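In what comes next, chain A is part of two complexes: it sits with chain B in the first one and with chain C in the second one.
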Partner chain A sequence: MHDGENIRIPIGPQHPALKEPTSFSLALEGERILQAGVRLGYNHRGIEKACEERTYIQDLYLVERICGICSHSHATCFCMAVEEIAGTELPKRAAYIRTLVAELERVHSHLLWLGVAGHEIGFDTLLMYTWRDRETVMDLLAALTGNRVNYGINTFGGVRRDVSPEQKAALLKGMDLLEERTKYYISVASEEPTLIERLSGVGTLSHADAVRVGAVGPTARASDVKRDTRKDDPYAAYGEMPFSVITSDHCDVYGRTLVRVGELMESYNMIRWLVNNLPEGPIAVKFPRRVPAGECFMRYEAPRGEDVHYVRANGTDKPERVKVRAPTLANVQAVAHMLKDGYLADMPIVVAAIDPCFSCTDRLIAMADPHSLQPGVLTWEQVRQHGIEWYRRRGVDFTRLNRTFKCGEGG
Partner chain B sequence: MAEEQAILEELTAKFPLLKDKVRVQRVRRLFAQVPSDDVREVFGYLVREMNFPILCTITGLDEGATLGVIYHLARESGIVLNLATSVPKERPALGTVTDYFPAADAYERELVDLLGFQVQGLPAGPRYPLPDDWPAGECPLRKDWKKGARLEPEGGKES
Partner chain C sequence: MALSLFYMLVFPGFLFLVVFALSAEYVDRKLCAKLQNRVGPPWYQPFADFIKLAAKEDVVPMLVDRTMFRYTPIVALAASITSVLYIPIWGPDALFKFNGDVIVVLYLLTIPTLTFFLGGWYSRSVFSMLGAVRSIMQLFAYEIPLYLSILAPALLANTWSLSGMARFYSLHPLYALLNVIGLGVSLVALLGKLERVPFDTPEAETEIVAGCFTEYSGRLLALFRLAISVEMVVGATLLAAVFLPFGLELGAPAAFGLYLVKALAVICLLTLFRTVFARLRIDQMLRFCAGVVAPIAFGQVLIDLVAKRMLAL
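Right after this comes the complex of A and B.
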């Protein structure tokens, strides 16, 4: 489209760079972006309306499915809001287990992001490394909750599964492995000149602009805005746990990388602290089916930033109103600002740098058996083996590499 | 809860009409109900004079005869003041707050699309979150709007 002197090109809603439908309209002068417009809403599924027509416990499973990556964030935020209206006192052990899953979720989300960021700048080795390491935390989540995503650990008044001594040991071992790997990524991020050059000065958002447009999460913290709901408005076990808020004054995609890698290191320490200080006691208390009339506004620091839920109860078993604002919506204005005056070729990494949300696959994959052509279900281990065999038949042997990684000596 | 109490006292001292309309629900949470004619003035005072630099979101509600709106304002210290008001359903007009918070743009478009608010002063832009061919006057978050209501896109069905 021609817009006076400038070229205006639409990108999306479906396009190769992003996995989620969003439409951008960019006004260009040569390769430079003069103005960026964003059109959202392609993923609107009417979940808030659907919540009003279902019971609280049905809603809990529905809100967990708002997002595939930060599913625990929405479920916990909603749970805490409803519990506050009902006046339920959460057992301490339950609060700690919720926090534990929350930090594991942050670890898997940030590792996923690091891989996507690597991919968007053509550094696919980083994608392969981080996503391989991410399997460690996915396995821990699966062992703890039964699921790789959509954990279903929450219920009103507590959590649904306890943590066993064996799981505690596995968690500590997993954190040691991930910490070692993350130290390697930190050295890559601080020493690898191509990475530093590619990300520095790209998608800049000054401190003043980040505050003005209301950016949240790592996007804000990378512009030196020291806001973190876990610290400012503590919930679950965050009020009792020692941790630091990671910020950076780079104000660009490089800063957002440093913040997320730094937050990974904080999360490992938090997970260790939670495992070592897990209080004894019940994991859930009885919760009424009908929730008394009332209202609550709850904030939660999701991996992508502040997630907020407002719940109004009317005394029945269904809520009167459920309002959700996910972090990406708060960061949309920031993206439009970051794209402005940048280059068209930087657009994928700039958009990816706020870590927009998209769905994730499940643990069991239903697929046709290649030999019998009968539909069947493969376990995760079988899928792994299938992949290794598939490559071996074509002359690439990953067996040794896979074994090395499992012993925690990969690299 | 000294900070919460101080906010309550400062707000009711400045706006006597808010007497008994502000409550501290728990630590870091206040709720205030304001007449719709005064909401912009109270909102502006909170942002400019009382150090509420964060707008978490805006919630719209169908309250039967009226439509409700809640501005969730926050301080850096974590305190949230939920500023609520109600407008008549026949004329659900509100003033924009995008002059204070540019990011309120998406929140206000949501009020327009899902509940049928008229937000005065909202800059022109794409609608959010409903599709461009969504029929006028269909507000899905109104209580009398039922799912499965037959919706024909404007200009008829594409063949």
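Right after this comes the complex of A and C.
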């Protein structure tokens, strides 16, 4: 691992700082990071390809499972794309309920992030507090949709569940509680010295760099880039709802924290407005099984940033192509930039500050020889043979086991 | 001979310290959980953890130096247990005493950190080596304030023996109030010594996995963890003896009961710090210790020197 005078340290694919497998290779001089390399591709699930094999309604539930945190974002984005191709007009009440769930999702995602950020800088008390409060919004989502995650509220042409007056009251009550707690976190973030010390000046991304690498979501807004799909290209109920885009000119992790906490406060007001102004009417319209030929490119502001879905329909009940660009892919370029010249100790929080979701991002598996770093192609048989020999050199012989496996495979 | 063995193996040595350390670990974990709004573990959890870990297989990586890897945890535990013999617990006199034992105790309490360094360094893994380097850097940062703040009360008492200090402050309990700053400084230094939040950079989980202990497992890891728990109790004992020398003349049972209260109070303070701060970076830690804590410790020395002249001791 020695590289002349510098140490090269692997963070990942398996590392306690990472919640999902990905790989960072850091060249260190003492505690300073000289260079950072990012390698994705440990978590490829082939969802885009799987979408082509399934009907639209099956795909809706599949894309909802792209991400465990922003599941509603992917489902809504896909839904809106397919509805656009089919030319369906969404009932107003359905659009409002979708927006309501979207904002509740943003609240739970940002609270989750705040806890993770606390954990990454060794402030576990913040993690415990925020995740306890997050239960409020999780319970509200469960009451509203029937699920704590992967809500399944969307369907083509509307939503699957209505909001009852009791749920409205519960929502308003929950927002009051969360607003009070969030005000407390704002005071913690602006007064606790070790927290400020660890967050400000860390992972700097200047305004120009944020524009150049195409950062999205809170990462971009913390570098004073006023980029928010909800405002720039309003969808669902965002065009009618009053809200402001939170930005910060700190350009560091502290700024990203302030933006997210500010967005929490903004979301509480949005949820209140939606509950109070929920129009009457049907919650869904009939949607054809076969979608006419056409294509659509849809943008959606997920909690982590702009989520993009591209759908091409060919007139059958299955899409011809589905392409997903999760927000992390747009932000991961910024990470290598932010890590450079920073401290090793800041690496976890800098990576966590973009709120990464690597499994949503992975689109391929690349295998490279770790010594030459030259990409090559191995067949399945070669990979298996390599594994067997690797273990045999270390005194473990899998050939016997392999024979039984092969017998079983035939049957 | 038999009595010395009893002192070393049963009370106040090995057995007592292990039971007290694991109980203190329970208090620490439970209080931390309560402060963080969690339920926390049942009372026997630290004992169960220790037994379970000790029953696991020891995995010794291929490239490590086997001798160093195996013996460092034992040395760490032995050093922290030995140091308690010189600290007065149930009266103004410790089991063993001589003029200069305060230095020996501080020295013995440094040994565990050195073993962390050696254990990490000889693990031959990047994470262990980084943790080892960090723990030795941290050692230089907190050791100076710790020595200064412990030696300042000794200056006032005009003795280099912990028992002598206890005797002096039992006679003049009000003089102990002069050392309040020293208590604060040594609490901060103790946080660094025990590698706890906000000074837990040497084993920062999210950065370098488990630092020096990354390659350790099974019985050896159990010994290391026990050594840290014992070090926490001994550190608290030392602070209680030096800065809270009250009630030592009440007779052995009362003084011993008071000692338990004082040590647990120090441990609760350490737990409180652990829950309200975030982890500092190693450079911030060094700057904080050298720029803020060490000057304050010097201030404590000055206070004691001036007081000594004014009180004509």
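Observations on the structure shown:
Following the convention adopted for this analysis, the second predicted complex is superposed on the first by the 353 of 411 C-alpha atoms of A that agree within 3 Å, B and C clash if a C-alpha of one lies under 4 Å from a C-alpha of the other, contacts with A are read in each partner's own complex, and residues count from 1 in each chain.
Note that in this section a residue touches a chain if its C-beta (ideal position, glycine included) is under 8 Å from a C-beta of that chain, and two chains touch if they have at least 3 such contacts.
Only a predicted model underlies this, so the values are computations on that prediction, with no experimental measurement involved.
Applying the stated contact rule after C-alpha superposition, one finds that A:E31 touches chain C and leaves chain B untouched. Of the two partner chains placed around the shared chain by superposition, neither chain B nor chain C is touched by A:R106.
After overlaying the two complexes on the shared chain, residue contacts for A:H15 are found with chain C alone; chain B is out of touch. Looking at the shared chain after the overlay, A:E197 reaches chain C, while chain B stays out of its contact range.
With both structures placed on the common chain, the touch criterion links A:H119 to chain C but leaves chain B unconnected.
Contacts of A:P348 after superposition: chain C is touched, whereas chain B is not reached. Overlap of the chain B and chain C interfaces on chain A comprises no residues. Here chain A touches chain C in the complex through residues 1, 7, 9-10, 15-17, 31, 118-126, 128-129, 132, 192, 194-195, 197-198, 343-348, going by the rule given at the top. Residue ranges on chain A touching chain B, taken from their complex, read 37, 39-41, 44, 46, 48-50, 53, 84, 211-214, 227, 229, 232-234, 295-297, 299, 306, 308, 310, 312, 320-321, 323, 325, 329-330, 332-333. Chain C meets chain A in the complex at residues 35-38, 126-127, 129-130, 197-198, 200-201, 204-209, 275-284.
Residues 25-26, 28-29, 31, 53-57, 59-62, 70, 72, 74, 76-78, 80, 82, 101-103, 105-107, 114, 125-131, 140-141, 145, 147 of chain B touch chain A in their complex.
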